[in-house]
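Take a look at the structure set out below.
Think of it as A, B, C, D and E in the order they're written, each chain with its own count starting at 1.
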Amino acid sequence: MPILDIKNLTLEMETGGTRVKALDRVNLSINSGEIRALVGESGSGKSLIVSAISGALPPQWHITADRMTWKGENLLSMRADERREIMRRDIAVVFQHPIAAMDPSTTLGEQLEESIPNELVEGKLFWQRKQSRRRTAIGLVHKVGIKNHEHYLNAFPHQISSDIGQKFMIAMALVSQPDLLIADDPTRGMETTTKTKVLKLLARLNQTKSLSILFVSHDLLAIASMAHTMTVLYCGQTVESGQMKHIRKRPLHPYTKALLDSAPSFRNDLPPKSYLPTLDGTIPTLQHVPIGCRLGPRCPRAQKQCVVTPAVRKVHDHTYSCHFPLHMDKL
Amino acid sequence: MINALSRYTILFTLTLLVLAVLSFALIYLFPGDPLTNLTGLVPQNDIQREALIRQFKLDQSYPIQFYHYLQQLFLGNWGYSFISGQPLREEIGIAMPATFELSTYAMVMALLIGVPVGCYAGLKSYTVSDYAINTASIFSYSFPVFWLALIFIMLFSLEAGIAPLSGRISLLFEIPNVTGFILIDILLAKNINHGLALIDAARHLVLPTMAIGLISTAAMIRITRRSVIDVMNSPFITAARSRGLSNRQIFMRHILRNALLAILPLMAIQVTTLITNAMIVETLFSWPGIGNWLINAINQRDYPALRIGVLAVSTMVITLTVLIDILNRLIDPSREKFERGTI
Amino acid sequence: TQSNQDAFYRSGIIYCSESNPINFNPQLDTSGTTSDASSHQIYGRLLDFNPDTGRIEASLASSWMVSDNGLSYEFQLRKGVAFHTTDYFSPTRTFNADDVIFSIDRWRLPSHPYHNVSGGRYAYFESLGIADNIQEVTRINSYRVRITLINRDSSFLANLATDFSVILSEEYAKQLMEKGIPERIDHYPIGTGPFKFQSYRKDHYIRYKRHEDFWRDVPLSERLIYDITPKSSLRLAKLITGECDAIAFPGQTEVEVIRQRDQLELAEKPGLNIGFWAFNTQKKPFDNPDVRRALAFAIDKNTLLEAVYFDSAVRAKTLLPTASWAHQRDADDTAYNPVLARKLLNDAGVPEGFRMTIWAMPVERAYNPNAAKMAELMQRYLADVGIRAEIVTYDWTTFRRHLREGLHDSVLIGWSADSGDPDNFYRPLLSCGAIPSGTNRAMWCNRKYDQLINAALKTEDIEQRKQIYQQVNSLLYEQLPLVPLAHAFRYQAHNASLSGMTINPYGGINFSGVEKKL
Amino acid sequence: MAQFSLYQEEFHPSPWQKTWREFRSSHIASLGLMILIFFLIFAIFAPLLAPYDPLQQNVNALFIPPSWNVNGTISHLFGTDALGRDLFSRIVYGCRVTLGSSILLVLLAMIVGVAIGTIAGMLQGVRSSVVNHLFDALMAIPTLLIAIVIVAILGTGLVNSMWAITLALTPQFVHHTRSLVRTEMKKEYVLASKLDGANHFQLFFYSILPNMIEMLVVQGTIALSIAVIDVSALGFLNLGARPPLPELGAMLADGMEVAYAAPWTVALPGLTIFLIVLAINIVGDGLRSALRKRLTQ
Amino acid sequence: MSELLKVSQLHFKHSNKKNWLKKPEIFELGPIDLDVKRGETIAIIGENRAGKSLLAKLLVGALKADSGQITLNNQYAPQGVQSTQISHDVRMIFQFSGEAMNPGLPVGKILDEPLRLNTSHNEKERRQLVEDVLIKVGLLREHVYFYRHMLSDGQQQRVALARALILQPKVLVADEPFAALDPSVRSQTVNLILKLQSEMGLAFIFISHNLGIVRHLADRIIVMENGQIVESGKTETIFRWPQHETTKKLILSYQSLVPQQTLR
């Protein structure tokens, strides 16, 4: 039983006078204790999914789904305060742009302390509670690998660099001891050492606290090192989803393959300075998505049928949507 | 911070110095006799004239004259009104607080009504009530203040007879000028019927305050609304929401704070507009404030009065703006540079 | 409580006046504003005009005698008339001969220690040449004074009854002189009038208090306040809202509004006044009578009358209004004739596009309720004959200061008579002696004219005087130093709750005997 | 070589064109613009539109009420004033004087302000901060004060009051230009241009100015509404345009003298000023929200 | 291979005194010695705030060094923004951000600017050059009319590249050119650079946190820490036998991420 289960999530919005489907029948489910990676190119709609789950979408956007449940409860039909309660207790989100996601007029410490749920604060009197909050905050900051807590807790968002910001966002997300952590590109721009530390922290939390994680990124290296399962998104459509190791070994969708191939780290057979395999072109803008399979024009295996949206197919727990999948002949 | 404060102080002094230089230059720029323009005194004969020139060091070089001028400014010797013969410091001491009082009430009105209504409109952005508020505010904001005041006079004074149209209080009351704020002075005054006087003064205050206040309130609503909408759309509010903070928490701790921080620098401009409007409205309501005084001075070609009056008002306005500026800097840590925005 | 409140609002009269007085001594200034604010309120005179009949009657002088040759006047003074007691002066004695002598000698004698205080110009007396005609003022006893004249002056008594011949306190003057602040006498006045001065704020108010020991037994309001309101529309508005109990110079367009309102009362009387357009004859090309005549022909007086006075005025041909006994019905008048005007201008060498200024009074006066509007109308007429007129206006005080300096090309102004005597028009307005005193706005000096009006004073024979004034009129028509425009009605508007308001034909407002009921 | 599938649009709107499209999509803003254009037409074609000479007095037609009043006549649409001048013609010319002079002075203030602001923005360090602070301080001085000083020195008159308002509006442009130039100068594309060897002048014209136009237009509308109000306020206070000149504020002050006999002489000029300012504000508002929309997209 | 760019004893000191209460944050860079050969690819790696971007800016002359010198083709290059020689031959691509392209100008104008300022070509020639370079970086001629908001991130990066290449530089300095790009676009860009290098003999200095790409692309690696070069050497050497602590940490953590089978 997945804790988060999304089926056929469609998101429509108005841009430039036309109504476009930014997300087109996206499926995503996360099991308890699982680290799921959500991969896709920039603009493929990853952050939109995150927003849809956290309920942070503008009201004028149309969001429909066959199913969108949290532990069996329907998120879409829920009252605002119930949903807020879930967000406060169970789900934590790390947004993509950490500095922008922090109140510019409040110190980091205050914001962090504010996020600590009341039930986790010890003491009755307000100064005791205050101290308790401070202690918790310092502990958290250390946990995510910030040493100089004095300096950073009293700093304002504009004074810190974005990697510190990301760490703070993670700390803020972890403070409420959630069941699910949604991390939108938490390691962007970090150098490798710090990145590894953060990833290790997440992995450890996953193991010790059985924290489920939805890990959004296009850093395949990071994903490959920690995720159990992976969902690949292209242009608002889920193209493939399944166990990490299966996908790595045998990607079924041409796009997934192209994605994996483009990371030189995955390929020990690649001679230095050789051309990397890649798909032609770039992701289309939302106003000009091709009909049917949205990869169509770029796909090396595209044929006539591709103008029809491919149905979701399933092999064991490996789902894909493609008319002409790879490796299928071998199966 | 002390660094910034000292920088402000230096720049502020510099600005005042520039103002002083300008007002000093006016002695020579205004038509007529520099001696009269400086002192407001008309020498009866040449001997007296010579004596005055020597006394005010007008026979010395410009820097020395200016130094002397500054000295006199500091000592409070601001010269005499050419027309009434009264010391200018006294006249300004009466007129300035009157304007200040009027502006203060209008500002309070703008804040008390403008900010909550603006917040409300911002929170309910793009709903019917928001459109209604927005339309009303853009209409009120477009009124030329003098016309608005006239309309008020016609409607409320002449037709309805609700409020009187001139002065600060019925002239039958004799209120000694202590603080310059009529309501306080009434409380300080002896031998009068305080209740009656307060009611009378309040009735006199209503229309001018409304006229200025309405425009400022409209401006305030627009600024606040814009600011609230901007803050609401900013990602950190989304983030706060997804952290499960309650609406109240978000509004009080994040939206309000950031919205008001953004409003503060704009208030500096509002203060200027407000005082300008107050000065214009004063002439219509015969409010004995600095605007009325200055307009009379210009009609009477009372150059010494003009010079000091302009210096005094601009000093007041600049001081207010700088104070708001400093305040803004004090309470808003995130703003690196203070930028003025628009409504 | 309600009754408390009523009593309070009834305790004072608020009069909306049109401008700032220059000081509180009408001897020093001919402006109606100054005398309105002082002569009848603060001061008393030896004689007064009866407001109804216009006759001279006793006032501080309880009786008087004129010698047969008409050169000596003896006044018996009223006893027990108290001067004001204020925070700046407490009198130790009542009114007596010393006060009369001081008051007259101040303007009469250039050697008098007070003569040069506050500028030393006594416009009214100078313009009429009265000072030079008085030989001496002698004290017979404490309550008896004799004034001896050099020449006969048929208007002398009338002049003593005008607003300008006020009685000051000699005791106060002495005190001030000792303290070395003599000019305070004109700013912190002491008199015997019904109200005592309390405070004055320029552009704002003048406060008076009841003079408890006023010698006349008339009801007096406890407080009198002048609310200085230069805009006539605003004055009317205040009258309507009840912020003023009476107003100065209601606008001609507003008369209807006042008539329609029940709670307002309007009194009207044909006024003894003249509104005119004076040229600065000391400036080129206005020193040329032909140019002046041309300009006079260029404007249509009837239109001005209609548009500015709304027919509440009579077209003026000469200086004298119809009510005056010396009024000449068949006097010559300039007619509207732009073609002739242009021709005269061409002949005089005034080019097309010539620029001149028309100074327009900033305040309403009985003789001209809206000088600015009149100036605008005239601007158009002058444009038709190729003259570009610029309208100049300043605040009233400044306006008159500059006028006296002769900065104007031409000015729209006028004169309200202070006594019914024709000399009160001819002399102050156009005699040579009136140039320095600043009432001769045309700055025109003509020997023959002066001789004629002097001759007119020497005789008591009305017919003979009429004859002389007809000569004067034709001289003026020839020379045209000013263009007479209109004799206007006098209006006075007040709240119906005021009782005892009278309208004074010679201008000047008087609040003694006025009471407010709610 | 990579093949691009190009999703070609019909035309390539520049940022400015995009803002314009956004602007036009708002009905209220378009309406405001139409009203403004209407007044502009009044201003430009006043001699053709006005049925009478605005200065022509007619003593036979004093205080004729507007045509919708029972006593009004159709030959004087808005009635006549105390001198029998046709109020409609005066208002048409009034638009010309008031709006026209406002536009002129805003343009002047804009040019001067942009010049100074750019210099201040490009100069770094103390000089700039002093200049900036002084201008900020000057900006705080109410127009009315500046006008009073100028009138005291030069005398009243429309042109003198225009100088005063120009002087008062300039700092605003200086300020905005300066802060815009400052933020632009920090951006990488400016650094890139600098690396290309562009001097200050070229930087300004090729890198900064194209991004400034919108700010200038928006700021211009704000300044214009202030200018119209100020011009008429000074006219109203008798510090600006002189009486016979049909300036709306001066006309209003004129009308006040006869407010009882002819209330329309107060109401109509006032209403005209109000409508002009309202139209400008609506247009400004529309522009700003269009700009905002474009930027958030 | 000939030495193209030689940097010796480059030193830069920057003290950041924003807050008077705290000690000024002093950052010192260098002294740095570095030489770049024709066609060579050098990667600069290091932790955040190690001074990598600073070094890049110094190299292209966007900042002026306090001391030390840069010689180009054995010619001493004067420091500072206005040095045309540098701007001609050493070009920079900025770290991708929304601000790398002027939003108010179309691509054509943007690409025209370096030509207009640095060459004496006439309008038509310039136009030709612009179109050529657009095609070279894989864009279309029509893109000259495009504004920033009409281009995707990858296309914007290509425009930046085109802008750098249009003057036919000898050295290209890039600050994290790949960081913000998607995998597929990133590969396209890598390929493009590789191709251009082989065609034009371009020396390429780039900063990256992505050690996978570094390993793939670079000939030499420079490791920086705290404004100092702590290690430099051939790519394979560094990856196999890191000497300095920082390098070791970097390489180790990289390898801990890389799936096991690649190491086998």
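Here, a residue touches a chain if its C-beta (ideal position, glycine included) is under 8 Å from a C-beta of that chain, and two chains touch if they have at least 3 such contacts.
Nothing here was measured: the structure is a model prediction, and the numbers come from that model.
Counting steps between touching chains, the shortest path from subunit B to subunit C takes 1. Between the interfaces C-D and D-E, more contacting C-beta pairs are found at D-E.
Centre-to-centre separation of subunit C and subunit E, using mean CA positions: 92 Å. Chain centres here are Cα means. That of subunit A falls 30 Å from that of subunit E. Note: centroid distance subunit A to subunit B, computed from Cα atoms, is 53 Å. One inter-chain figure worth recording: subunit A and subunit D are separated by 50 Å, centre to centre, where each centre is the mean of the chain's CA atoms. Shared interface positions of subunit C, defined as residues touching 2 or more other chains, are absent. Contact with two or more other chains is made by residues 2, 4, 256, 259, 297 of subunit D. Residues of subunit A found to touch two or more other chains are 282, 285. Residue ranges on subunit A touching subunit B, taken from their complex, read 51, 54-56, 81, 84-89, 91-93, 95, 97, 100-106, 114-115, 156-158, 172, 176. Per the touch definition, subunit D reaches subunit C in the complex via residues 55-57, 59, 62-63, 82-84, 242-244, 256-262. Interface of subunit B with subunit C (complex): residues 81, 83-86, 94, 153, 157-158, 161, 164-167, 170-172, 174, 193, 196, 286, 288, 292-293, 296, 299-301. Those residues of subunit E whose C-beta lies close enough to touch subunit D in the complex are 60-62, 81-82, 84, 87, 91-92, 94, 97, 99-106, 109-110, 113-114, 117-118, 138-140, 142, 145-147, 149-150, 163, 188, 192.
Residues 234-236, 238-246, 249, 253-254, 257-258, 261, 332-334, 336 of subunit B are the ones touching subunit A in the complex.
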